[in-house]
Every structure is written in structure tokens, then in C-alpha cells.
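Chain nomenclature is as follows: A, B, C and D, assigned in order of appearance, with residue numbering initiated at 1 for each chain independently.
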Amino acid sequence: MIKVIVAGYQGKMGSTATKMVLSHTEFELVAVLDPHAEINALWEDAAFPDVNVPVFKKKEDLVKKVQADVWIDFTIPAVAYEHTRFALEHKIAPVVGTTGFTDAQVTELKAYAKAHKIGGLIAPNFAIGAVLMMQFAQKAAQYLPDVEIIELHHDQKLDAPSGTALKTAEMIAEVRATKKQGNSAEKELLPGARGADYEGMKIHSVRLPGLIAHQQVLFGGTGEGLTIRHDSYDRASFMSGVALGVKKVVALEEFIYGLENLL
Amino acid sequence: MIKVIVAGYQGKMGSTATKMVLSHTEFELVAVLDPHAEINALWEDAAFPDVNVPVFKKKEDLVKKVQADVWIDFTIPAVAYEHTRFALEHKIAPVVGTTGFTDAQVTELKAYAKAHKIGGLIAPNFAIGAVLMMQFAQKAAQYLPDVEIIELHHDQKLDAPSGTALKTAEMIAEVRATKKQGNSAEKELLPGARGADYEGMKIHSVRLPGLIAHQQVLFGGTGEGLTIRHDSYDRASFMSGVALGVKKVVALEEFIYGLENLL
Amino acid sequence: MIKVIVAGYQGKMGSTATKMVLSHTEFELVAVLDPHAEINALWEDAAFPDVNVPVFKKKEDLVKKVQADVWIDFTIPAVAYEHTRFALEHKIAPVVGTTGFTDAQVTELKAYAKAHKIGGLIAPNFAIGAVLMMQFAQKAAQYLPDVEIIELHHDQKLDAPSGTALKTAEMIAEVRATKKQGNSAEKELLPGARGADYEGMKIHSVRLPGLIAHQQVLFGGTGEGLTIRHDSYDRASFMSGVALGVKKVVALEEFIYGLENLL
Amino acid sequence: MIKVIVAGYQGKMGSTATKMVLSHTEFELVAVLDPHAEINALWEDAAFPDVNVPVFKKKEDLVKKVQADVWIDFTIPAVAYEHTRFALEHKIAPVVGTTGFTDAQVTELKAYAKAHKIGGLIAPNFAIGAVLMMQFAQKAAQYLPDVEIIELHHDQKLDAPSGTALKTAEMIAEVRATKKQGNSAEKELLPGARGADYEGMKIHSVRLPGLIAHQQVLFGGTGEGLTIRHDSYDRASFMSGVALGVKKVVALEEFIYGLENLL
């Protein structure tokens, strides 16, 4: 059994993470942390009626009373670094979904973890399917350099392309030579038809009601096509990545940035 | 048995049409026409070794010797009108895939066919699947007005969007009020990401090697999506439409423009 | 403004329907009905804090106090017929999502509505996209009789194929001659590979976690393919169909069974 | 420039390979081999009017006159082993698409190549996209063990599932524990609906006219899905894999079985 604490358990992500830990047969929830908590045990919270686990407001109190293997953190950028560092210092391997770390902070955490042989993970994206899609796309682009990205989201999304599409394009650009695709005399009868250009590869953003968050990366070669598609139907999609992180960090002796480096 | 002649039999489309007629149990090929023919019977052509059907260079010779029900025409714009008119005058129902008719010519052919109670069909697109896609898209847009079009073609194609995509958008625009889709504060981080705009609906053109000719029309509504996709894998895809046309025109007493008006 | 009452407002569907009516600019919610209600006005319900609309336990009380154009019914089979009949008798056009009507009851309701020139609608499936998919599939099958159905649902679903897949197959079978598809010497190396057979057409059921409710109908012809796909992401998908029903029934003078007969 | 010879140049695959070598700027075609050849130079063949390259009937004659780096072999099982061994003995790196090698033969070729530090490649499937699909599927299954395979082929195909689907399932089974997917109380209303079973994973085979050779591997996880799809539109799809093989074997000092081991 891996002993887990969840920091930020009252937030949307933290609460989902808490449920995930409780439902997982290999994990034991040993405490939760939230500065806004007004209860002392989880069963006082209507969402967790049968769960007899202590609730802490201060991390210093928590580590005095409870021993844990993994510290799941879904808090806020303002405290994430401090939390992560604190966990490492107490030999609790952090699995962090909170954003806002500077490069310097990540470097420092890596150095500390290495020196003390503790595992740790920060991941901006915990959806395993999305991370695999990006990895596969990067590999495929080495052999099938003609590629276009179509991302599809609900019609209230503001930015186009999506962050995931840009990140995918970036990862592909790292491994393929800049390449102007298509017919060199290509002509747009309506401006924008051929989509956005990112180092010669095209990105198309679809926005429709009903859609959630979807992306497909299309590769073309002589007489064949390869398509990698990810569908995100629900915010809970990040939970399998968190569970994987918890299982892996206990065996690590280094600090890793990005779920892709665990896969 | 429907007696069929094929005009323009030496062209790529005419030759495919000739084979279709020969393979169809309800059709009988009675003659072929081609001004460039240098043979008198089809079996002299290496492509049709066993087919004993007369080959004519001039349409006037053909109608003297042969009686037919349907005149399939895959010739060139310069002679298409004259051929079609000629067929009608000889009470042979024309099924025409040649392009280049003026509106006035179509109107006149319709009037003539109606007056003489002869059937006829001109279709710029004989692929039944493509025509159904456009029809369905037009109907769906009445109930699900949020729509985007993605068309995908091989990377040697010059124009974007494709003719079929533009035609689909046009047909949709006929039935839905102009509508600006997406978030009103939507922002393109890379220009072109949101595609081309056609009366408020977005069109995206993908170009990759390997692809042939594909299109999907995506509709979104509250909590649901509807997608209609057509894949054209082979030029032969137009043949089922021609066969359908042949069967239908013999029973018609009017001249029809567009396969969609037969479906 | 169309004056609407919602019967069964405390159920999951009834509650969603109530919200839909409130959010729609052309509709006015004039009353709700629920035998289990313990309040007299909707604002007493935490879900509708600002809505001053009367709540009734008995339909007889409701019609004494309130005048309405449309009666939305999401109740239970046991009372649905009685409700629908009652609505018609009080000249309120019913829009009914409750199931369990016998053929005799539907026939009788149709006769009554016709005699009294009142509109009405019962629809087992209110998702416009799904209904369009089935309609389009039925039409396409007339021209492209080679068809297979793939339906994809979450992995907790018990039955395979889904009701929608069976209904789609039924509708297709009505218009196409029974046809054995595929190679006549076809061989299953693993039993079940070619799916279930419904009058010669194949149905495949995919079950995976993450999926919600999806179906695609694939048609094949010489050199081409046509695919119609419906994705249901959320239970709310039936609401656009209910809204359409409300708008249409007020102008009808007959009783209709099936949303497809309104499209 | 890599000097290449093509064995079996008169076959369908050999002829396509010959054209690929000719069109590739980094390759130089130095000879072709075919026991049935009745010409001495390629320009005597109508398909290669301008190509002044010698044609040999016997491999022993060829190696006396010509020096080469790579031996592409698309011949027949009866001679493939002998050819491959012969190429290695003459320090020409073989790239072999011919099938029919026994395990013992492969083992022996590997040993010989290693001892003499020569590169070589036998690949039953040269379509890079298909090989990547299988590799990605195997990797994804380690993290998302719920998976189903849908393969789609033209309706003249005899066997279901396809060889590629079975190979994919096999590769997935190597890395995931046998797992019964779906609801344990799942019920087939029509037999076969849930497809074929391969160690707990389901395979569905679609057969329709128009289709060529397509496969998608669908993975599901909590709230998300990942789909990997390969489309093979044309027999030429194997050529990019052959070209890759030619480039890679010249730098190898071992004999490799399977394109996946080069990617």
C-alpha cells in the first residue's frame, strides 16, 4: 500500500484526486490538507461520509502526525513550489498538477531530489491519452514528415489553436526539418482555408457546441495515412495519469517534469 | 434491357462508362461514338477484345444504323450541348457528365424535353455518396445550424477550399440564416487557425500525400454532434450514379439538372 | 411567447426540460406539475431560486388556475397516457418524452387530436442528431445498399447492439431488399469478427471506458464511402428536440409519433 | 549515392521498387535481376524507355559485372533465402520483402551478418504507417489496457479478422495482462455484436465495397479515448518503408527482422 496525502483537497481537482486515491486498491489515503478546511476529519465533509482520515490546515501539523509516501498537490501557483520543496524535505515524493513553476524552481527541485534520491513529478497535463498522442505524433513525424493538426473544441473556447495543438506542433518541429507542405502553387480561394502555419505544418481549429476537447494529428505518405486522435470527454481524464504518477514516483530517485518522461 | 450508346468512349470517363454498361445485366451496349476512333467495331480495341459493338465517328451515321434508349455523354464542352440536343431530337434520353452548359442551354433543353416528353439528365457530380452528403448536410443545417466543413485532398491539389466544399457551403447557406459561430471574443493566436469563412461557417482544407478526396461536414448541438463524411477512393465512384441515371431517365418525361434531383 | 407547463419536473429529464423552457426566449414557463412536490412555487426549490411559477400536485388543479399552449411530459409510463389525453382534452398540445404507450393508445390519441384539430408529439428519442442520422441512413441505403453499423458506448452498458443501432437497422431493412454482403466465401478466423447480422447487414458494438454514446453508419459503393456519425456527449442532447417539438406542435392539427416525422 | 540492385524486377512489387529507386535522388539503380527477363537493358522494356541499366537473368552473372551496396528482393519464397544469403556473401546488404523464411533461416542469416558485419533487413510489412500504428498500439496498451480493434477492408476479402489486426492484437497481448473488458453481465442480443475475442480484447471486421485497407485501434480510459488509425490507399504505400530500409541497412552491421526494429 502506498500512503498518500492530498493537498488542496477542497478544490475541484483535489477533490477528484481524493476520490481516486480512496477508490484505488493499492493506495491508502492517510491525510488531506487544505488551508480553508473547517473540519478535522474527512467524514465531517458531506462528500466523504465514511472516510475517517484527518484533515489538516497546516502542512507543518500534517507531517508531525502522519507518515506518507506520496504528496499529491492540486493547490495554487502561489504555494505550489513551497509545498513541493517541503514534501521533498520530508521524504514524501510529490506528484504535482499545480502550475506556475519557474524554470529555476524546477532546476532546483531536480537537483535537490537527485542529491537526496527522492522521486517526484510535475505534470502540466496528466491525461495519459493526450500525452501519448503527442509522443506518438513526434515519433511518426520522423518517418512521415507531412502532417496537419485538427483540434476540435466547444464553441466557447477563446483561443485558436489550442494549447495542446501548439505543444504538439512544437514537439513535431523539434524532430523534423522545416518543410513547406502542399502544392507550391497552392491558392486559397477563401483566406484561411489552409489553416494556420507552424513551421510549414498546418493547424485547423474547429469550434462547435456539443464538442468537448478533441485533437487529431494526420500524417500522409505515399499511398497511406496515419491518424492519431485523442478525445477528452471529462475532466476526470487526468486521474489515470495521477494514479500512474503515484505508483511510479515511489520507485524513482529523481524529479521528473512532464508525464511523457514517465511513459 | 435498356439499350445504351456511349459518346466519347475513348476518353477516361467514357471508357469507364463503356465498361460499366457492359457489366450491367439490365443494360445493353448498342454502339459507341468517338470522332477520333480509327476502328469500326469495339473488338478491334485491345481493351474490349470480345465486344462486337459498332464504333461510329459521326452521330448522324450512328442514329441511322442503331436504335437506343439512352445516350451517355462524356465528351467535351464544345460538343456537349449539340450532342444532348441531338439525342433528345432522336428520342434518346441523354445522361450527360460533360460540363460547360450555359444556363440558357439548360433552360432550352428542359423546355424541349418537356414539350416532347423525353427524359434527360445532366450531372456535374455523379458520385452518389457525395451528392447524398450535400443533401443531408443541407437538411441537417436546418436543425443544427452550427456547422464546419473539413475537406481533405492529396497535396498536389491547387485550390482550397475544394469545389465540393464550396458547393456544400452554398447549399447550407440557402437554408440557414447567416450566423456568426463560435465565441464572439474568439482570438486566432496564429492567423488562419479558424479556417475560411463562408457566411459565418468555417471551412478547413487539409492537403496530404496519400489522401485522395474526402470531406466531412460537422454539426454541433447541445450535448451532441452529427458528422457526415464522404470518401472518394477512385474515379470509378461516379459510375454508380451514371447507372442510376440510365435506369431513371427512361421513365422520365422531363430534363433534370443535378443528380440530387433524382435522389 | 408559447406558454408551457412541465409535468414531472422533479425527475432528471423534467428538471432539464424546465431549465430549457426558462432559458428559451420564445417560451414562457407558466406552471410545473409533480405529484411528489412539497412546495407551492418554484422559487422554494433550491434549483430555481428566482423563478416565481406555481407548482401543482394535481393536474386538475393546474388547469383550473393556469392557461397553457404546450404540455411537456417527462413522467412515468403509468400516467403518461392519462396525462396526454388530459392535455388534449384541455386543448394543450402535448410534447411527450415518457415511454410505454401501446399502439392502441397512440391510435386513439391520433384520432382524438385529428377530430379536435390539436397538435401533439410523442418521441421516444428527442436527440435531433440521432434522429437525423437514422433518417439519412434510411435514405442512403436506397442508393448504397452495402452498409454496416458500428455503435460505441461506455463499458458499463449491458446490451449489445444498442437500441439505436437496432432501430437504425430496422429502418434500413424497410427500404432495401435483404442482401448478403461481403465475399460469399468469407471466413471468420475468430468467431464474431464479422459482427452481428441483421437481415444481411452487420452490426458491431464497441464498449470502452470513457466513451459515452456514439454510432456510425458506413455505406460503401464502387470507389466511394459515405459515413454518418452521431455523438451523444451529454443527456442534455435531447433538449433541442424538445424545444423544436414545442415550437412545432402549436401549429399542428394532428398528433405525431416520432421526432423524425417533424423533420 | 547508394548503389542498388532490384531482384524480381518484373513482378508487381519489384517493378514498383525499381521505379522508387530511379526516382530517389540518393539512390542509383545499377542493375536488375529477373530469371524471366528476355532483354539485356532496361530501356528495352516499354515501362523504362530511358533507363540504361543492365538486366540479368542469373545472380552469378550480375555480381561479376556490377558492384552494389543494397540488394532489394521482391521475388518468390522458393529463392528468397538463397538470394538473401548470396547477397550477404557478396557484401551487398539485402532489403527483402519476399516472404517464406523459416525461423532457422532467419537465425542463420542473422548469425552470418553479425559475423561479417553486414547489414540486412527482412520485413513482412513495409508500410511505415502500419508498422507505426502497431508500435504505438503496443505502447498505449501499457497505460490504457482497455482496447478494441476495428479493421475495415473491401468486401472481396476472405478472412476476418485481417492479418494486421491479428498481429496488432498479438503485440498488445504481449504487454498487457489478459483482461476481460466490458460489463461482466454484458449480453449479446444478436450473436457476434461484440466481435471476436482475442485474450479479452475485441476485434471487429467491416467489409464494404469501396474500402481498401484500414484499421483503427481504440483505447479508452477514464473520461478519455485514444484512437490510432492507419489507411492504406494504394499498394505503393510499402515503398517509403523500402526506401527507409535501403538508407538504413548500409550503416548496419546486423541483420534485422521486421521494419519496427528499425523505427
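Methods note: contacts are C-beta pairs under 8 Å (C-beta built on N, C-alpha and C of every residue); 3 or more make two chains touch, one makes a residue touch a chain.
Keep in mind the model is a prediction, meaning the values are calculated, not measured.
Centroid analysis (C-alpha atoms only) places C farthest from chain D. The mean-CA centres of chain A and chain C are about 38 angstrom from one another, to the nearest whole unit.
Between the CA-based centres of chain A and chain B the separation comes to 49 Å, rounded to the whole angstrom. Our note on geometry: chain A versus chain D, Cα centroid distance of 36 Å, whole angstroms.
In chain D, 210-211, 219, 221-225, 231, 233-234, 237 are the positions where the chain touches two or more neighbouring chains simultaneously. Because contacts link each chain to all the remaining chains, their graph is best described as complete. By the touch criterion stated above, chain B contacts chain A in their complex at residues 146-148, 150, 152, 155-161, 166, 181-183, 185-198, 202-211, 218-225. Across the complex, chain D meets chain A through its residues 127-130, 132-133, 136, 139-140, 143-144, 219, 221-237, 239-240, 244, 263.
Contacts from chain D toward chain B in the complex involve residues 210-212, 231, 233-234, 237.
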